[in-house]
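Listed after this line are the structures, all set down as structure tokens.
The same chain A turns up in both complexes below, where it pairs with chain B and then with chain C.
Showing the complex of A and B:
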């Protein structure tokens, strides 16, 4: 159990050029509470893996410091940090047996005999690897190889933290569910700090107590899954979390009103008058738009309705703007044009992509 | 799907057949033909059966050359393979120095073989060669034209200088093909430098090293030009390897029959060794 603090951490893969755009990770300060389960969520290339590699010591940061329980470990090696990390693509030592693969991290740290055997068999049982323990790790399926990689990450009981870099990408969906719940279970048992990198929001939201959303080398929001859903700090979070993501509409804001596509709607709070040079937008999730029965509200054309199981997804056009609207499974929709109403408490105002709170 | 059978298609492979016939089959068959005949004045032939083969296989001269050949090949393999791997391991994996290293490494391979022999001959001359003068200057009595041990030393040095690069380049190709993730995982697993070599680098280099050993084995077994230019097989017969001996018999004495028989024995030996080595290496791989 280790608390991890990142202090003004930044990294550029090119140490010479120091222009802001070159940073794979922009200046970030974060705290991972001891024993927490975190997910790092973001699209490919947003700096998730860089952040992870900085924490495990595979990379040395260009700027800033990393503290483990208050001790500066920025310049310490991976081994000294005692971190477990599992990578996106399986790494197995294919001249060794599966058993030796799992025992490798333990033996490298001087453990021998029964201590090794106990842990290896425990982890093998958890990952369903017991029947293959005796065979060579060569020529196994991608699934099994990744399970071995995962096993080598989990086999050491005393690690400061376990970092998972999209470990389930190559694993088939059925097994994915199973392994993910096993990881969660394991976390409940050992209470090691776990950080799980993914670009799959379902994975992030089911695994973690707290989700850290990254975008373009910066952390844009940290919160529980509910917070991210209900209160996205950044249009990117709104768009990235949720399926489909939040509707983001260009709007002109003036005090308590907004003009969207030529229609004026009233806002629940007072937002003043943002500068004309800024980009102002209105965010509303598809879940919080209602199709009014009497045709009141903003006039839209219904372009398509998809039945996606528990609800229907209507794609509507408000003038030139396209929106997604979620409606109940049994709701009857007008054929062509309809009126939509935004739930007032769910409207968010964004200036240059960032959430503005407004005042009462 | 119906296949169209048309025997005229054989004409398509005719050029290859002609080519192979001229550069392999016909010369080889000529040698086979010579090996069972006695020749006089180069144009009168008598059939002799297996006489030359028996003579070659029982000849002390052949046995001595063969022994020298094995010692030479064994020595250079024992030096060049580990040395090549060590050099490849110390080369940078990326960055501007990679191309510098690669060019430096490729340089000895670009020099014509007889020039390599000439360079080392002059370099090692005891009275005015750089190496020769230096060794004698520090008190060693070095003279590769007189002392067999010095000749051997020079010969092995020359081969190592000339051919270690090939092993380096092959081993390096194997090394750079290892994804970074392996090294990262090894760091996470706390693997020592030796463990990284033993469990990651060596297994990944195995295939290219098999090729390297095979190439050096065949090449060193058939080496001719460099020792011929360096020592001419001397002093005495001290550095007379198989190919040098063969040329002495065939062109020096014009004994076409024995020379042809020796060529065939020699050829079959190289073929058999390569085959055995390759089979052992690839079977070992299939088992693991």
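Showing the complex of A and C:
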């Protein structure tokens, strides 16, 4: 169990960096509590893998420091930091048995005999690898090989942290369910600091107690799954969390009213009058819009309805603005036009992309 | 984030009219003693989008390779437009293929990547230029034509690979899990665009995937594959709502479909642990005997959905959370069930939880695993 602090950490892959835009990771300060389960979530190119590689010691930062339990480890190697890592694609020794693969990190640290055997069998049982322990890794499916990689990352109990870089990419969807649950249960048992990098919201939100959402080299929000869903701090978080993401609509804000798509609606709180030079938007999730029974509400045209089995997704137009509305699997929708109602309290106001709380 | 509007409304003027049907007749592929696909018969109509849905090793890639002519079947025939092409190699067929790992030439610009199949075919320079620009417009790559693949995001690289496949105007467009390596946000976007694109190019599109949500969002027709066999082929929603057997239902459910064994006695369904479901909806009018009931995760409820629903107590195994929903994994009488609930529900592993079984939402399978009755969606409403 190790607490990890990032202090003004920044990284550029160009040694002659001139402008802030060249930083793959912009100046970031963060604390990972000892024994916590974290996810770094964001699209490709957002800097999450750079951050992970800085923490593991694969990269040396351009600026700033990394502390493990208060000790500066910025210039230490992965091995000196005592970190276990699992990568996107399997790293296994084909010619070794599954058992020897799992035992390798333990034997490498000088463990022998029962100490090795007990731990290998425990991890194998957890990952359903017990029947294959005696087999050579060669010839196993990609799924099984990645399970061995996971097992090798998890087998040592004395590591300071476990880092996972998109570990379930090559795993079949039906198996992903199983492995995600097992990882979560495992964290509950071992209480090691775990950091999990992914672009998949379900993996991130399921695994982590705290999710760190990254965008364009910076952290845009750190929160519990509920906070990220109900209270996105930034329009990017609203878009990226949820499928489909939050509707973000250009709007003119004035006190307790907003003009959106040519229609005036009232807001639950007071927002003053943002500067004309700023970009002002309303955010409302597809889950929190109702199609009204009696046609009341904002008038929309229904452009298309996608039936995706357990729900329907109505693609509607409010004047020139496109919105997604989620409706139940059994809902019958009017053919071409309808009224929509925003659930009170679910509407957010953003100025230049950032959430504005407003006042009562 | 959203440039998709730019793709709308652009037609592919001068596109070749495709009228060929692709037919597989009783096709089998064995490698050594291993059966990869067995006795598959499928007829794919021109201009249709067809999804091959199945888990890893169910035979999807084998089937695509047989359709392409990259491999020859051990038995059976492949017909294009009624003509037997079983022995015809891929280079003499009108086929384009897109793979999971997007393959582009790293030393060529996006423009030259898209143009490459046309250059190989010795098409006139002006015609190449016209078709490359048209296809780039459709795939929203116009602004990127001078870039090199490594300067592009994953989604842009995959769109380049798709553009190169489309520009050939092949009769048959085969896609092997083309979105599997992309961010889910890009997948969301491309899944919405692809059906429109396929409709515009008019070819037979065959799209292999392991993800039920891919099939549902793409629409079209779906063939479910299980252990090298096609278990069902029909309009996607129809297969989803009326799977002919248990294997099809399993392939077309993610998370996996929940099952419970039941015995019908005097019309009512008796479940392990003394739970009895009333003879409503699909459970009405069943003959006495052993059956199994299947229900999807979104139909196992944490709140009572209707007064006919029956509460049972299960134990929480683990809770998974997506952006807006929770997957509650439970164990009850040896069965593992998953409930999908709206909102974020944090429940502790090992804690008891009340879940509700709704007779109106049950799939009934006989002892031979064939479908006996399915939920009626109008009735359930």
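Definition applied: the second predicted complex is superposed on the first by the 348 of 360 C-alpha atoms of A that agree within 3 Å, B and C clash if a C-alpha of one lies under 4 Å from a C-alpha of the other, contacts with A are read in each partner's own complex, and residues count from 1 in each chain.
Going forward, contacts are C-beta pairs under 8 Å (C-beta built on N, C-alpha and C of every residue); 3 or more make two chains touch, one makes a residue touch a chain.
Computed from a predicted structure; not experimentally measured.
Using the contact criterion defined above for the overlaid structures, shared-chain residue A:257 touches neither chain B nor chain C, since it reaches no partner. Contacts of A:43 after superposition on the shared chain: chain C is touched, whereas chain B is not. More chain A residues lie in contact with C than with the other chain of the pair chain B and chain C. After overlaying the two complexes on the shared chain, residue contacts for A:266 are found with neither chain B nor chain C.
When both complexes are overlaid on chain A, the residue A:228 reaches chain C alone and has no touch with chain B. Legend: residue contacts after superposition of the two complexes on their common chain; A:181 is shown touching chain C, with no touch to chain B.
Of the two partner chains, neither chain B nor chain C is touched by A:31. In the superposition on chain A, A:330 makes contact with chain C only, not with chain B.
Touch criterion met: A:243 reaches chain C, while chain B stays clear of it. Residues common to the contacts of chain A with chain B and with chain C across the two structures: none. Taken in their complex, chain A has these residues touching chain B: 53, 56-58, 77-79, 83-85, 87-89, 91, 93-96, 104-105, 108-109, 136, 138, 149, 152-153.
For chain C in complex with chain A, the touching residues are 1, 5, 55-57, 153-154, 181, 183-186, 188, 192, 210-213, 216-217, 219, 237, 240-241, 254-256, 296, 298, 317-324, 327, 329, 338, 340, 342, 344, 349, 377-378, 380-381.
In the complex of the two chains, the chain B residues touching chain A come out as 179, 181-182, 184-185, 187-192, 195, 199-200, 203, 288. Within the complex, the chain A residues that touch chain C are 43-45, 141-143, 169, 172-174, 177, 180-181, 184-185, 188, 199-202, 205-206, 225-226, 228-229, 239-245, 285, 287, 306-310, 322, 329-332.
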